[in-house]
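Every chain is named by a letter (A, B, C and D) in the order it is written, and numbering of its residues begins at 1.
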Amino acid sequence: MIELGANRYGKAQIRLVRVVRGPGAHRLRDLTVAIALEGDFTGAHVDGDNTLVVATDTMKNTAYAFAKEHLDGSLETYGRALADHFLAFEQVDGASVSIREHDWSPIATPNGPAPDAFVRAGSGTRVATVVAALGGTMIEAGVEDLVVMKTARSAFSGFPRDQYTTLRDTDDRIMATKVTAIWRYGSPDLASDELHAAVQATLLEVFADHDSPSVQTSIWLMARAILERHEEVAEVRMALPNLHHWLVDLSPFGLENNNEIFIATTEPHGLIEATVRRGEG
Amino acid sequence: MIELGANRYGKAQIRLVRVVRGPGAHRLRDLTVAIALEGDFTGAHVDGDNTLVVATDTMKNTAYAFAKEHLDGSLETYGRALADHFLAFEQVDGASVSIREHDWSPIATPNGPAPDAFVRAGSGTRVATVVAALGGTMIEAGVEDLVVMKTARSAFSGFPRDQYTTLRDTDDRIMATKVTAIWRYGSPDLASDELHAAVQATLLEVFADHDSPSVQTSIWLMARAILERHEEVAEVRMALPNLHHWLVDLSPFGLENNNEIFIATTEPHGLIEATVRRGEG
Amino acid sequence: MIELGANRYGKAQIRLVRVVRGPGAHRLRDLTVAIALEGDFTGAHVDGDNTLVVATDTMKNTAYAFAKEHLDGSLETYGRALADHFLAFEQVDGASVSIREHDWSPIATPNGPAPDAFVRAGSGTRVATVVAALGGTMIEAGVEDLVVMKTARSAFSGFPRDQYTTLRDTDDRIMATKVTAIWRYGSPDLASDELHAAVQATLLEVFADHDSPSVQTSIWLMARAILERHEEVAEVRMALPNLHHWLVDLSPFGLENNNEIFIATTEPHGLIEATVRRGEG
Amino acid sequence: MIELGANRYGKAQIRLVRVVRGPGAHRLRDLTVAIALEGDFTGAHVDGDNTLVVATDTMKNTAYAFAKEHLDGSLETYGRALADHFLAFEQVDGASVSIREHDWSPIATPNGPAPDAFVRAGSGTRVATVVAALGGTMIEAGVEDLVVMKTARSAFSGFPRDQYTTLRDTDDRIMATKVTAIWRYGSPDLASDELHAAVQATLLEVFADHDSPSVQTSIWLMARAILERHEEVAEVRMALPNLHHWLVDLSPFGLENNNEIFIATTEPHGLIEATVRRGEG
């Protein structure tokens, strides 16, 4: 007996820009949207029966139409409208909408911020995922590709040594990473653009301020601060590559290297992942 | 109460090449390896205590040393040796080793295949994941980035229409996709280089031979054939983007387009995912 | 008779970070360096004679050593020191050093900018190229990957129409582009970090402020302003892809689209390139 | 006086697939096309006058229409038809058409090659550039991203040593590279699909067969062989990164490394470029 297991389908990489033409200045929302549905799709697989298969092209069209009608508020409000729309199809048990927002800043000019010209900002990609199912809705917010570096107050020492260990203890290394942080809100109604910005500011502030004995501890401290300062957040997941910066040995050239000159690398890299959450205690 | 949840860490993007200098010809193994450990790492997070944290640099060294000692057989044998090595650490509850193999072919010359010169082959990236835990070992094998296209015998029609539906039914479209297929072996002892090649050959043969009413059905037919022909396989997961090729409207230029000229696109794309397995029936 | 023509060689993608540990705050320079040499290398090609071939590994080492000794001032000062060093080899006729700088900003915290923690900035990649030859030195500065968008005051109309023309005139479109702008200084002694920032500010200001009838005119206006305001600049080359944002047709869904909702695309794109310079008139 | 210098514009990344539905089997041509024009475009820049600016959207349409009408023969025949078409505009002095072809192979099945199902091939990307100007037409053909490796018969020794040199001489290293080779035909009428395949076969054969004392010599030997064996070719340009594979030091782990285990790297890399041509002697 061969049978169909878990399955889902949808449209990915829907690229859309909304220009909100305000009275004073324009506002940009630049999104990449993905939609995925689960439900009664066994016939589509085993019988070639498409009668229940909402076309992914239809999903794309809906994303554009809803950008017109439902993208006035937060990113999550838009995602939720889309997810609820698809959940209303009888054959759908779960609808997931994932959004990545590409950030733009008004161009600075001598006369102040330009009202209708923008430059891409660099501080990571905002993400939001709405999962609507028959039992309720869950919203995760977060940031990807937030590239940060600490040039002081990062160490790694006291780790175990075996026959394959050559790394030396260090009490002053560079910590460079590309943060992925995803947090789940305690209720889907709590999500907002402002709250997202506040959580990300907490993350960056703790990254800048703490002493790091390891990437593991850095994750713990950032995630714990988010939970302590933002009661709306129920859980934080973080994944931090450790993008090694190796001290160059300048001694063959008669030069000292007092933690000044580093080789920046991307591979191999460490990869540290953890979830921090409110306990039941 | 704030507490640590699931966590793991390791080294990713370890790039290594082994040259097996056989008597007649060389053989290349070109791998990207990732290692991740789970276990007793709460202290590393919440107390900054590294005494149990096997350095990811040590993992990298071990991957290289084991490439010398344990890469004579299948990819999975190497991965299993690595996973078992790390599982033997007392603080480790689970060790996962993921390997991607980059394929090379001997260069064809008038005198036959070159013994020591190679060209990168194009038929996807072989992947293998070994997960060793206290309860046993699980091996998944597969292929990523296997780019294939059907220029006939692909259709999509009979799907439901709502106010956002503009796509027309078609009985002759291009199906282009980049296959990710991951299959789990019923026992970790079954994995071999030969079996991997046989399963991939089945996948490609069915892709070429079947009539497709939808990507969903294509996945079902390929996965079912793998399970039918290869009893070693317990389950197959597939993810297929639908890389749309849109028929160009040449009528403004006074030309007919009899399914000949297409615009190749990558975004947006459909994304169809399913698992097919042996049932309990 | 078969002969060697133009040739050069060097090291590319040398990744280095210098941390300047100032008394108040750290400063980061994060560079990717490429070095290329021309000269008497015929023997290296046709005779397999390496006696004049400075190893590219030596170039890499030199780049790191010079980062310690010569990276206190402008990017161009460092590049020039490297280029002059290699030009001093008897077999070298020309040395080219190309540098890309990856920009970082101090992380904003409630206590002000962090002294030793940084986030990657998004406003393009600064580039500098020093070409040292026996006849003198030439310096080009610039920016790559500066992603900008105008949501108003961009048009394209009045273009010629032939049998293959379907595009309609528009007096209100989005102009999105990824600017590459390279400017040559009248003398290599004029280059500085401050001047680079000032030229880039001019470019952005004009991008924001002008009315654009075409990408061609936008290039002309930006480049002309750079030459008018910065007498140190002798010539500006610009290359602007036109990253089309297509207005979505929402009418099938009963909605109006008043220049609000766009499909962002990357391919195909227009590509407009021009040089603007001081004339001899 | 500020004036416009060299300029050109066009459409890039036009993605098109042509399916040739032959009686026995289908044939695929999968192309990325770029078109660029030079000519009388000063008014477009300095006066905002678009009356001579053939829209890049029109170029795209033309590329699709010509794929229907002129893509029966060689890649270069199609490129030439496009270039000649645009050169016929009165305001155009030069038209350049650059094509990259993505290679597909019929899927192998137990019944032979599939007639209508394909898998992406891995042996580099074919390129062709047609430059049509009032004085005549020039055709360059070539290959990009041809990734090859020699595991024997590659050395690098006898290079000069200075204070920054730490690399040791080696008589047995891996040479791994991603070949870009562009050759110019003596006459545009000589270009053909068959000749392209023959030149690439020569390149690969010499890469496999020669002893390499340096990448420079490898380029010379490959390019010279192309010129010797293919009289249609007037000149060959090659650019080879040296993608270093570093021998892992396994001695800390009590293991020997007899040129077996290597770290594959991509940055930094050497970059060797040379042109080889028929001399006038």
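As a convention for this text, a contact is a pair of C-beta atoms (placed from the backbone, for glycine too) under 8 Å apart; a residue touches a chain by one contact, two chains touch by 3 or more.
No experiment lies behind these values; they were computed from the predicted model shown.
*Asks:* Which chains does subunit A share as contact partners with subunit D?
*Replies:* Chains in contact with subunit A as well as subunit D: B, C.
*Asks:* Subunit A-subunit C contact: same residues or different, taking over half shared as same?
*Replies:* Answer same: the two copies use largely identical residue numbers here.
*Asks:* Could you find the chain whose CA centre sits the greatest distance from that of subunit B?
*Replies:* So the farthest one, by centre of C-alpha atoms, is C.
*Asks:* Per the centroid of Cα atoms for each chain, what is the distance between subunit A and subunit B, given in Å?
*Replies:* 24
*Asks:* Starting from the mean Cα coordinates of subunit A and subunit C, work out the distance between those two points in Å.
*Replies:* About 29 Å, centre to centre.
*Asks:* Could you grab the centroid distance between subunit B and subunit C? Build each centroid from C-alpha atoms only and quote it in angstrom.
*Replies:* 37
*Asks:* Would you give the residues of subunit B that are in contact with at least 2 other chains, written as numbers and ranges?
*Replies:* 15, 61, 65, 164, 166, 252-253
*Asks:* Using the touch definition up top, name the residues of subunit C that touch subunit A in the complex.
*Replies:* Interface residues on subunit C, with respect to subunit A: 15-21, 26, 28, 30, 61, 64-65, 67-69, 103-104, 107-110, 114-123, 146-153, 174, 201, 204-205, 207-209, 245, 248, 250, 252-253, 255, 257-265.
*Asks:* Would you tell me which residues of subunit D are touching subunit A in their complex?
*Replies:* 163-164, 166, 252-254
*Asks:* Give the list of subunit C residues in touch with subunit D in this complex.
*Replies:* Checking each residue of subunit C against subunit D gives 1-15, 34, 36, 41, 44-46, 48-58, 60-62, 65, 156-160, 162, 164-167, 213-217, 219-220, 224, 227-228, 235, 241-242, 266-281.
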